[in-house]
Structures are given as C-alpha cells and as structure tokens.
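Below: a set of structures, written as structure tokens.
Presented sequentially are two complexes of chain A, the first with chain B as partner and the second with chain C.
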Partner chain A sequence: MTDTEPDGEYAQRDDEEAVSLFGITFPNDGTMLLALLLTTYALYMIAGFVIGFPVRGLVNQLGQLTFWIALFAMSALALNLQWGYTGLFNIGIVGFMATGVYVTAILSKPVYGTGTSAAQVGGLGLPLSVGIVGGVLAAGLLGFLAALPALRLRADYLAIVTIALSEIVRFALLSNTLSEGTVGGYTLGLGGGNGLILDFTDPLEALIRALSLPFDLVTGQDGFLWTEIYIGIIVNGISVFTPGNPKSVIDTFAYAAVLLLILGGFYVLLRRTGNSPFGRVLKAIREDEDVTNALGKNTNQFKIKSFVVGCALMGLIGILWFGTQGSVTPNTFRPRITFYIWIALIIGGAGSNTGSVMGGAIFAAFLFQGPRYAKNVIETVLGEPSAPSSFAQAVAPILSADIVPFFLYTVDNMRQLQLVLMGVVLIVLMHRRPDGLLGHRKEIASSVPLDRPASNKSLASDGGETDE
Partner chain B sequence: MSEAESRSEPAHTGTDEELETNRGTADVNEIPLWVRNLRKTFGGITAVDDAGFEVERGTMTGLIGPNGAGKSTTFNCITGVHTPDSGVVEFNGTDITGLEPYEVANRGLVRTFQIARELSEMTVLENMLVAPKNQRGEKLWRSVLAREDVNQQEYELVERAWETLDFFDIDHLAEEYAGNLSGGQRKLLELARALLTDPDMLLLDEPFAGVNPTLEERLLEHIHDLRDQGYTFLIVEHDMDLIMQNCSKVIVMHQGNILTEGTPDQVRNNEQVIEAYLGGEV
Partner chain C sequence: METANIAQNGRRLVTKNPMAAFLIVVGVVLIIDVVRQLATGDITFARILSLVWDGLMRGLVIGLAGIGLSMTYSILNFANFAHGDYITAGAFAGWATTYLIAGRFGAESSIGSLLLVGAGGSVFGGALGINVVSTPLAVVAGLIVACGFTIALALLMDRFVFKPIRGSGGIPLLITSIGAAFAIRYMLRFVFDPGTRGTTAAGAVPDIRPTIIDGSVVFTMHDLALIVVAGGLMLGVHLLLQRTKLGKAMRAMSDDQSLSRITGIPTERVIRATWIIGGGLTGVSGFMFVLWKGTLSWNDGWLLLLLIFAAVILGGIGSVYGAIVGGLVIGIVASTAVIWIPSGFARAAAFFVMILFLIVRPQGIFAGRSTA
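Let's turn to the complex of A and B:
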C-alpha cells in the first residue's frame, strides 16, 4: 500500500475503514456488528430483568434470538449475492428453502416402518450429512432450472418465475398424488398437507456425533462427545443448578452457536466472492448487462453461477431453519418468509455484505422476534390476562377513558401488528435512507487495494511526461 | 504519451505468413474486418440490405449516413447484438457472424456505445478492472479458494488500469463513482475501458456525441495516438466534417445500402452522397 497523494486527493480505502451508523463512528465493521449485537442482547436482558421475566425463560429467549439473528443474517447474505451483487430479483426464496429441507427429509428419514412414527411415510435412511448435501444440491439444481429460461429475459420476468416456482413447490408438497408412494422398494412421499415428521437424528446431535469420530476411535465408544461430554458433563452439570431438565434450553443455545459459526462461514465465502474479479463482473452485470457482455464477459454464465450458489445457500438455510423443528408442513413455506428476508436485506442495504448481516440481525431482533418477546414479557408480567376478542370490545372502553382492554387487545394481536410494523419501518426507511443502513457504502469489488501503485506514482506527479 | 507505449507490447505485430481464407484475394493482415452481403430485417422493414465493406488495419474508417441509413444496425450485426438474416462478418480471418457479443469482444473486436454506458455505481477503477480478459479470479472457486493466485494478477491489472487512466488524463477521477462523471469524461472512460480488453480493433458508436469541443479535441488526439500504435478504428458518426477531417476512408450508407466508399475527397465530391446525405442542399 502506498502513501496517499501529498494533497490527500486519494483517500486510502480498505476493509478497516471507519464506519458510522446512527451517528456513532466505529473503527471497523467488526466492532460495529459486535456493538449492535451487544446492544441488542443488553436491551433484551434489561427488558426481561426489569419486568421480572423468569431466568430460564429469558435464557431461552436469548438462545432463540441468536437462532433468528443467525438465520436472517445468512438469508440476507444469500439474497445479497443474487440481488445486491448481480441484480437478480429472486422472490421465491422460500421455495428453495422448502426444497432443501424436504429433500433432506426424504434422504435421511428412517426407512418406512423402522422410525419412531411408523404411520408416516419413510425415507431412505441415509446419514443426515448425506441428506444435507442432497438438500443443498437439490435447491441449487432447482435454481439452475429456474435460471435457464428466465435469465434470458428481463429482470422482472425472473421475479415472476421465482415466485411462481416457490408456489409450485408448495403446491407440489401439498399434493395428494405425491404424498405417498413406493419407489424402488422404499415407501417415500412428501406427506401432502400433513407434512413430514423429521424423525432423523437431531442436527445438533448429528453434528456433535460427527465431530466425535476421532474421539470415538481413541475411546472406543460410540458418540463420545455427545454422550460423555455434552450430555454427561454440560447438560448434567448445569442441571445441578437449575430445577427441571435444562437440556432443551442448552440445545437451543448450542444450536444457535453452531448457526453463528455457519454464519461466519457464509460471510467469509460471500465476502470473498464479492471482493474479487468474479464479484466485479456480477456488479457490472447489475449495472449494465449489455456493456458487460460487450466487454467480453459471458454474462449468462455469471448470472447462472451467482443464482445457483445463492439458491443452494438458501436450501442450506432451509435445512438449518426447519430441520430442528421436528416436523414440516407445506404451508409454512408461504411467500411471507421470502418477504421477511427482503426486508432484512433492504434494512441492511443491498450490495453490502456487512450490511446484510446487520440487516438480518436488526430484522430478527426488533421486527421479527422483538414484538413476540414483548408480547411474551407483558403477558407473563400481567399473568396471562384475557384480552377482548374483537376490535369493537377493545375500542369501546376508550370512550370511558379505559385503555386497558385496547392495550391487551393490541398485545394479543402482536403477530398481526408485526406486519404493520414492518410496513411502517419499510416506508420510513425508503423515505429517509433508501440505500439501507450500509448500502451507500463503497465495498470495492477487488481482492487487492486499488491504490495507485508506487512505481506509477512518479509518472503522475510529473504530469505523465517522464519515461520510466 | 510514453506510458501508454510502455504499457504492453504493441497491439499488432504483423506476421508474414499468409492466412488462407475464403475471401480469396484480401490479406487478413491488412483487412481485419470484412463484411459481405449483410442483411437484417425487423418485421417488414429492411434495416440493412446487402451491405458490404472492408476496414484496413491501422486506419480510422468512418461510417456515415443519414438517420435510418442502417449504421447502428450494421454495427450491432457486427458486434453480435443482432444476428444478421444473411451475410458474413469476418474478423481476423474467422467467421464471427452470429456470435454472442462477448465472443466477438473476446476475439479482439470491442465496441463502445452511442450513449456512454458507464457502470455508474462502480468506481472508475472498478469500471476499468472489469475489462481485462481471462482474469483468473473470474472463476468462482479461485476467487474463494486461491486468493494468492488471484491477488497476484489483480496487482498487475490495477497497475495497468492506473496507467491507462493516466494516458487519458482521468486518473484524478479513479476513485469517483462513474455515475458522477460528466458526459465527456464518460466517453473517455468508455474508451479507456475498451482498451483494457486488449482489442485489435475498436468500433466506436458516435464517440463525439454530446462532447464539448475541448474534450472532443482530446478524444480525437487519443484516438489518433492509438491508431499510430496500430489499433484499427471503425467510427460511426453523425458529424460529417469530423469524419472527413480525421478518417482515411469513409463509408457512406443510405437506406441500408453502401452508397459509396473512398477517401474523404472522393466521398465529398460524390453526387449521390450529396443528394442522399445532404438532401441536395450543397
């Protein structure tokens, strides 16, 4: 890296550039993210403590918060590759998630008749790792199929194709015809409207057991890390201090931590993708595809790569998200989830990877989980009050200056109001900060700093007249 | 402009070996671009009708004609934006008819656009760095896994980009968003960017439209410099005087046909040209 020009005309620009948000300046992206997360957790804990939320519930809430932050940040990152970098308008995200988790289910559910839920259709009984790889590949493949015809068309047609595809996926999952059948001796199916019971090994347990393999060789025990360390020491150890079995809470926390690690992996992967000649071509396609093509880049190939990678990541997110829920039903995968992820990306700022993570975190903490948490806290404090059942009953007492029923009604309908809140935030954001929190920022698409090379500088300061 | 000369090896090294092509007499080393019987219709309208011409290496050739003469369509047929209904476009001895624009560009025939199309939300340097061909880091896996390999080439490309910006005297704008540039600066950027693809020949679509006289002078100077270095230019232009003063050969199109071609003097005195192009006023 060279010095800046004497007159300071060329500012240095690298990853450690100071960033400011909400009027506060941070030395770099990492500290800003950390500050944001710490503030969020502090707010949650203060709210919980002040109102007197039970500790166990609070801890569980924080674990869930982490789960949602990681998931939405990952989703926003994957969408950012498609929309922020390449300008591909994917509004069928949820379809790729559904594909991921359903394919994983089919591959990894126990064979028919051997599982815990004998009445249900079975799977192929493959290890969960194989199932996850299969699910990710299937989501990528679906993305490829969607991209092939659609990428030749204008951006809005891709949008139509993707949302249609996500609905096709959902209706296929609902279909009676596909709900059960026998393929090559296996009783398989998508389960129709009843969905599928995900009776494969819990992902967390599967992961810890996989990590345990080297220890198993040494100790000669099966799943040493899981049975001895995780259950034997951690869970049993903590249960000494708490009434009741803490395993579910610890599981939530451990799984959330795993998700944070995977989020880190996503970030590194997508940052490297973005800050490279590959990412540069993607950005160029977003700006003007014809020009990029005229400069000798096979734009279709770049677009397909970007789209397929994004879709495969979305498939993985689907598996991580729904794979721990015990069961899946097709109607979970409504377009609403797709739009949540879009909101997260818009908050953070399309085109910025750090912004995507922040947008995901802010969306998860304050728009998605926040209102539910508030409802939870308030209802706990008030001792599960009975709210009025209709709007009229809620509003009428206001005339006699009694706002309690209206308040309770509002709290009771938090899940619906959440959408209103999201809408309001979007409108304010569009008005005040259309680029999102970090979208205005320059994230230069290059793997090296773009400062003027030292050998070249003398030429410039002499007006380019001297020879080298 | 010494730095541009030291930038890379000369654009062209004439080889003595004769390339056999189906064009018969013409020598590839002298005639890089060769268009025959080009025809393109849109619905019922024939935009280009049996057009054919040659462009000599190391020259500036002008393509002029009144509105609707088929200049832009010819341009688009050559660069792969349109596929001609019939006819042949040969570049450096290979048939490039109907290839995709990126394939044409990768063969060394690079175009600029009538309205300068910068990549506005990218910096000038990023704009430049999109252009170089066969970048290692354009492979996704390499960008993610083999950063050292990619970085090494990136440093070279950054240096070349700065040198080219120096040559065009827009290095002070390097870190500006391209969208903030003035119309003339965008034209310079577009030409600079096209050069970074290592082209043999440049097709400029109205490079002087909307450019102020001072910048026009500079742009012309650069083009002349580049031509002296061995680059070949085909320029579509509205401004007849500009073409007449700067090009060694002028091709006149009218109603999809090649009306005539020759030196500026020959064209200027051609009755048909005066009639068609100037509406008989002169």
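Let's turn to the complex of A and C:
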C-alpha cells in the first residue's frame, strides 16, 4: 500500500458484482440503472402512444420526467450522506432548499427599479454564479448553526428540531416584517406571502453563456454558444420540423440534461466520500457512536461536517429545482417536499448511493410524476371533462350506481390522492422492506480487498509454509 | 457579605451553565422591555392579560392533545407524527356531527354539505348559529363523536400500521408514522376540500367583557367550555393513572417493557388502553380547539403538532403533568411572543423555545418524576 496505488483504491467494489432486482440479474449497477430508466421511459412512451397523446405533450412529459428523476436522485443522495452514512435524522430538508433558493434570489435579482418585471423588491444584481455559490453557502451555514447544538441530541429529537427549523424558515419567509426593506441603498426583502419573482437570467442561458466565453474570445461575439449554436442551430433547426416554437420543450430537455450531469457529479462525490477514510468514520458513527468515540475519533466534528455538506447540497438542489420556476412562494416549502425525498431514499435503501439514485428515479417516475401524467392522459382522452366540485356531489351518484362523477373527482384531485398513495407506500415499505431495494447490501469499509487473491486457491491449512 | 455571595453564585452559574445564565439574562431583558412598553403606553395591561388568557386556552388544547402523545411516546417508544392528523380527523368527524344536528338533519341545507362541514362554502357555521349555549346538544354530540371516531382511528392505525413493526425500534416507527400522517392528512383534504371554514359565528358567542385596570378583556362561553372539558379530563387522567391498576401498569410499562411483561402485565392490552385514552383525549382536544377558535382546516392538526411536541418535550416525555404544564407554557409563549416580536414569528418563537429547551434540558422539566 503506497502512494502509487491507482485511483481505484476507494472504488466501491460491489458494482463489479452481479446484482439482482425484481428477480432479474444484472451484470453491474450501471446496467441495472440504465435498464430501469429505459423501462420507465418506454412505459411512459407506450402509455402516451396507446392513448394517442399529442407528440409535443409526450416529448415535454419526458423532458419533465428527466428533470424530476435527476432532482429526486440528487436529493436522495444528499440525504443518504446524512441519514444513510452518518445516521443523522434530518426531516427539515425543505428549509435548507428554501434558504438556498431565497439567498440566490436576493443576491442575483436585478437591482430594484432596473428589473424587467415590476417586482416589488429587487436584489443585489450579482451574476447568477455568485448567487448560486451564496445560496449553497447560506444553506450550509444554516446547517452548521443547527448542527452545533442539535447533533448531541437523540435521533428523534434531532428530527423534531430540524422540522421545527424548516417551519421557522417558512414563517420567516412568510412574515411581513422581512418582506421588504432597504439595506445599504438596495431595496431587498423576502417578499412575504407573495413570494419573490425570480427575474434573474435563466439558469440554462446563464450556464451556456458562461461556457461560451472561450468561443466569444475567438469569434468576438457575445454569448456565441447561446445565440448562434443553441438558438440559431438547435432550436431553429428543430422548429423546421415542428409546428409552433419548440424552445420551451428544448429548454426543458437541455436543463434536464444539465441536471443529469450534476447528478453524475453528486454520485461520484458521494461515492468517493463514502469510501474514503472520512466516510468510514461516518459509517462507524452510524453503527455505534460511542465505540467510534472510544477509538479516538472526534465524532461531533465528523457529524457536523457531514451534516453541513449535506445541507449545502440540499441548498444547491433547492436552487436547481426552483431557480427555473420563475417565482417562489413560501408555502411551496411545506414539509411534504421533505417527505418526498425521504420516500425516495427509503425506496432505494438508506446507505446505498446506487440505491438512492434508483429510489429517486422510481419515486419521480411512478409516485411523483406518474399520477400527474396519468391525470393528464385521462383528461386528454376524456376531452377535459368537468369534475364535480365537492366530494358530496361525487359520492351521491354512487347510490344510483353511477360512479363516473366519483371517478372524475378522483382524477381531478390526483394531487391530493397522490400524497395518500405515497403515505401508504411508505407504510408498506417500512413493513415489508425497510432496507429498500439496495439497503441490505454490505458495503465493505476496508480500502483493500478482503477476499483471497483469486490465483491462490489452496487454503493455507498447513500453517502457511508455502508462503516461504 | 451578601453581595459577595450573589456574585459568587452568579459566577458559578455562568461558568457551569452558560446557556441557563444566558436565558436568565434574556428573560430579564424581556421583562424590562414589557415594563418599558407599559410605561410608554405601547401596550396596555389588559392587552397583556388577554394575550396570556389566549395562551392559557391554547395551552389547554395543546396539553390535552399532548397527554396522548406523551403516553404513546413513553410506552411505545416512538414519536408519533400522525398524532396531529388524529386531531384534525377527530375535529372533522365531530364537526360533521355538530353540523348535521345543528342543521336539523338536512332541514337547513343538504345532508351532504352538512356532513362535509360545509365544503366549498356550501353551508356556513355562522348561519347554523352553532355555539355552546344555543345548540348545546349539537356540540355535546359532536364532542362524543370526535372522541369515539379518534379512538377508532387510533386503534385501527395501531392494528394495521404500528403493531406489525412494534419491535423494530423508534426510528422505523417514526418514519412509518410520517407516512400515516400524510395519508390521513391528504385523505381529509381529498374528502373535505382544502378550504378553511368558519364554524361558529364570529362575535355571536356569549361573552363577558369586564374592564381590568386599563381596558376590557373578553372571556367567552367557549373559553369556559374549554376549561371545564379540558380540566375535567385532565383530572380524570390523573385519577386513572394514580388510583387504578391500569395506571400502575402503564407506568410500569413506560419504565421497562420487558420487565413488565415478565411480571405478568398484559402489555398488548395496556397498549390498547393507551391508544384508547390518548386517542379519545386527542379527538376531544381537536373538537374543542375548533369550537374555541371558530375555524377548521385540513392543516390544523399538523400546525398544532409541533407545538404539542414542544410541550411534551418541555414537560418531559412520559409525564402527563409535564405535558399539561408544557402545553400551558408553550401556549403562553406562542400567544405572548407578539409583545416583543412581529406576529408572523409568534409560532416560530414557540419552536425556538422548544429547541432551546432540547439543548439546555433535553430531559424536560418533570424529568425523573414519571407519572405515566
């Protein structure tokens, strides 16, 4: 074991082994993930085609599906660092997301009076990249402030503290006092109940323009990649084949692709963290904090680091999620978003990074976007019927054996029922499969292979003399 | 000599328990600020009194609901996040009954609208003239149904959700309870629609408004009803725990589960009794809360739940008196916080007090004096 060890020293070994899921055996994790994603997309396409969903709508749905898969997979990974590795029970995720996106908004919104829209408050007008870094740091800082005292607490107390913290964040965003004010000549604020209009540059455009810098130097044009390549060639090229302007659909796809790249970054980062000496201490804390302490590790410091990094990542996810939505309101950040991410993690299996990604994908495809897609499809097929406005009107016709109103009401209120379904799924998972799809795996903490070398098949039963 | 002693005590407090010292300083500053506000006329004495009264009422509700949470927390060893939604479910069941009776079984409006507690603004509570004086029967019937329904719900949830994984530890049970909470909450929203409805006519509740020192304070009949119901039930729980064999078994179980089983306590039966008592109190508290504040919405229980957790932790998990005292403290904090901070932060202040308490004294005020 010297410094010349190849980079693969920390590589997780189990991804070279065959894995099986739902009774099907895959050669490795990558194939399994790919198969899962392809199956999902195929199911979506088939459902759309069979029912004759318009192509544009279908393509748009697939773009959105990718967006959600990437988002929930990232979120589950970040939570896996806290819960799966370190055993920190954080159910205040949404508070860190809100912090991230709101701080980004304040830093990057145009200065009051110069913005394009008639926003009630302005920002500092900094570039979006600075805003994103600021938002991530702010979420990390909030995590640090919460972690300092709270990590000494039992897991269930930490849960209550974190969820209370996320509600405090929401109340702060809602409050009139902080909604508007003047700080150092800038009109800033959190917008109160009306929320904030995110009138900074669109993140996708900002990214492409940033990537375009070297090209701009060559061509002497501002934002070459954006205006010439993206708009000029890609968007205009596709618009030749389709009626209407395809830009919004292409934007969805391009942004989802960016998110997938970031997801890859998350995955690599967390896998390497998990297999590093740092990650081994985290897992040791999860298993038994006292023993880890007795072995001379300052467990508090490790826990704080893990918590802060996880919170910062959640802040980043918040920015990526809500940064493209045009506006944010405080009541978006209700605890149910935290609930989504927990389900995603539990489906995949806490402690497994591959499982987190799979859990995020399954959750996004079948529990989150699936019912909405189904609603969309059904309503298209039935020609946008008008549903009864209350439960009474929906139930009353059942007495006369007419279940159509009830069905329509159910479809119309899919977003409510969806959460009921998620709750039931969570309960069933905790009963039947608390380890999730991949949580049962043993991750070997050692950085050197513990198996016998394959070449040396004979057991050293003679006292090891052959070693001479 | 005297001053030297005080200084020494002070120094010991600051070095040994800096957090407590800090809290004392904060408390003194807040009191000085109230005196200042009273002196400058920013606030009247009567206003403070009505805020405290409001907090006491809120605290009774929190305490009543907290008893059930505290009991299950200590006996089954998990924080039940579905508890808040038991409150909402009980309130909806009870109020559907009250509407039905006050609406004279469809004479005032269609039965469906009454049963859905006026979903979508189809019936207004004010129009039915519901209050404890003019429609006592409807209120009492609603109270009983709320109690019974919540007991049934709690038992059902225990049977199908919690019992199968009873032995798997606090955290899996906690996660499961979150799933149950969302399922119940959004089911209620699905059935009863997301609107907030007024259940009693604002201003129509009989009240007295005595003038105290520099302004009038309002005491309504519903305040009285809440005090009678909550006080009576709290006394009942006290007697039950102290005087009956069941109470003794419950106390034994919260101390040591296996030991109680060895000594022949039928633990499953005790657990069922716990859910019945806890669920009943929770349903009553939900109904009374809505009667007292006059509005009802699908999110009420959840918003109350964190305050209840605050109260239970403040009082010490497992202690019934702790839950009551904690409830009163949290209620008063949440109500009187507006004296010092903007009203948007009142609830945040209560959470903040809870977080501080968890850090300073995680075992709660009544720790070590477990009563149930």
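What to note about this one:
As a working rule, the second predicted complex is superposed on the first by the 428 of 468 C-alpha atoms of A that agree within 3 Å, B and C clash if a C-alpha of one lies under 4 Å from a C-alpha of the other, contacts with A are read in each partner's own complex, and residues count from 1 in each chain.
We adopt the following convention: a contact is a pair of C-beta atoms (placed from the backbone, for glycine too) under 8 Å apart; a residue touches a chain by one contact, two chains touch by 3 or more.
This one's a predicted model, so the numbers in the text were calculated from it and none came from an experiment.
In the superposition on chain A, contact of A:Ala172 is made with chain C only, not with chain B. Applying the stated contact rule after C-alpha superposition, one finds that A:Ser327 touches neither chain B nor chain C. When the two structures are aligned on the shared chain, A:Leu269 is found in touch with chain B, with no touch to chain C. In the superposition on chain A, A:Asn28 contacts neither chain B nor chain C.
Contact with chain C, but none with chain B, is seen for A:Leu153 once the two complexes are overlaid on the shared chain. Residue contacts after overlaying the shared chain place A:Pro277 against chain B, while chain C stays out of touching range. In the superposition on chain A, A:Ile346 contacts chain C only, with no contact to chain B. Chain B makes touch with chain A in their complex at residues 1-3, 6, 79, 81, 100-102, 105-106, 110-111, 113, 117, 119-123, 125-127, 129-131, 133, 135-140, 143-144, 147, 150-151, 154-155, 158-159, 162-163, 166-167, 169, 171-172, 174-175, 193-194, 197. Residue ranges of chain A in contact with chain C, taken from their complex: 89, 91, 149-150, 152-157, 159-161, 163-165, 167-168, 171-172, 174-177, 335-336, 339, 342-343, 346, 389-393, 395-396, 413, 416-420, 422-427, 430-431, 434. Those residues of chain A whose C-beta lies close enough to touch chain B in the complex are 9-11, 13, 269, 272-273, 276-281, 283-284, 286-288, 290-299, 302, 305, 309, 351, 442, 444-448, 450, 452-453, 455-456, 459-460, 464-468. Against chain A, the residues of chain C that register as touching in their complex are 78-79, 110, 112-113, 115-116, 119-120, 122, 161, 164-165, 168, 170-172, 174-176, 178-187, 189-194, 302, 306, 309-310, 313, 342, 344-345, 347-348, 351-352, 354-355, 358-359, 362.
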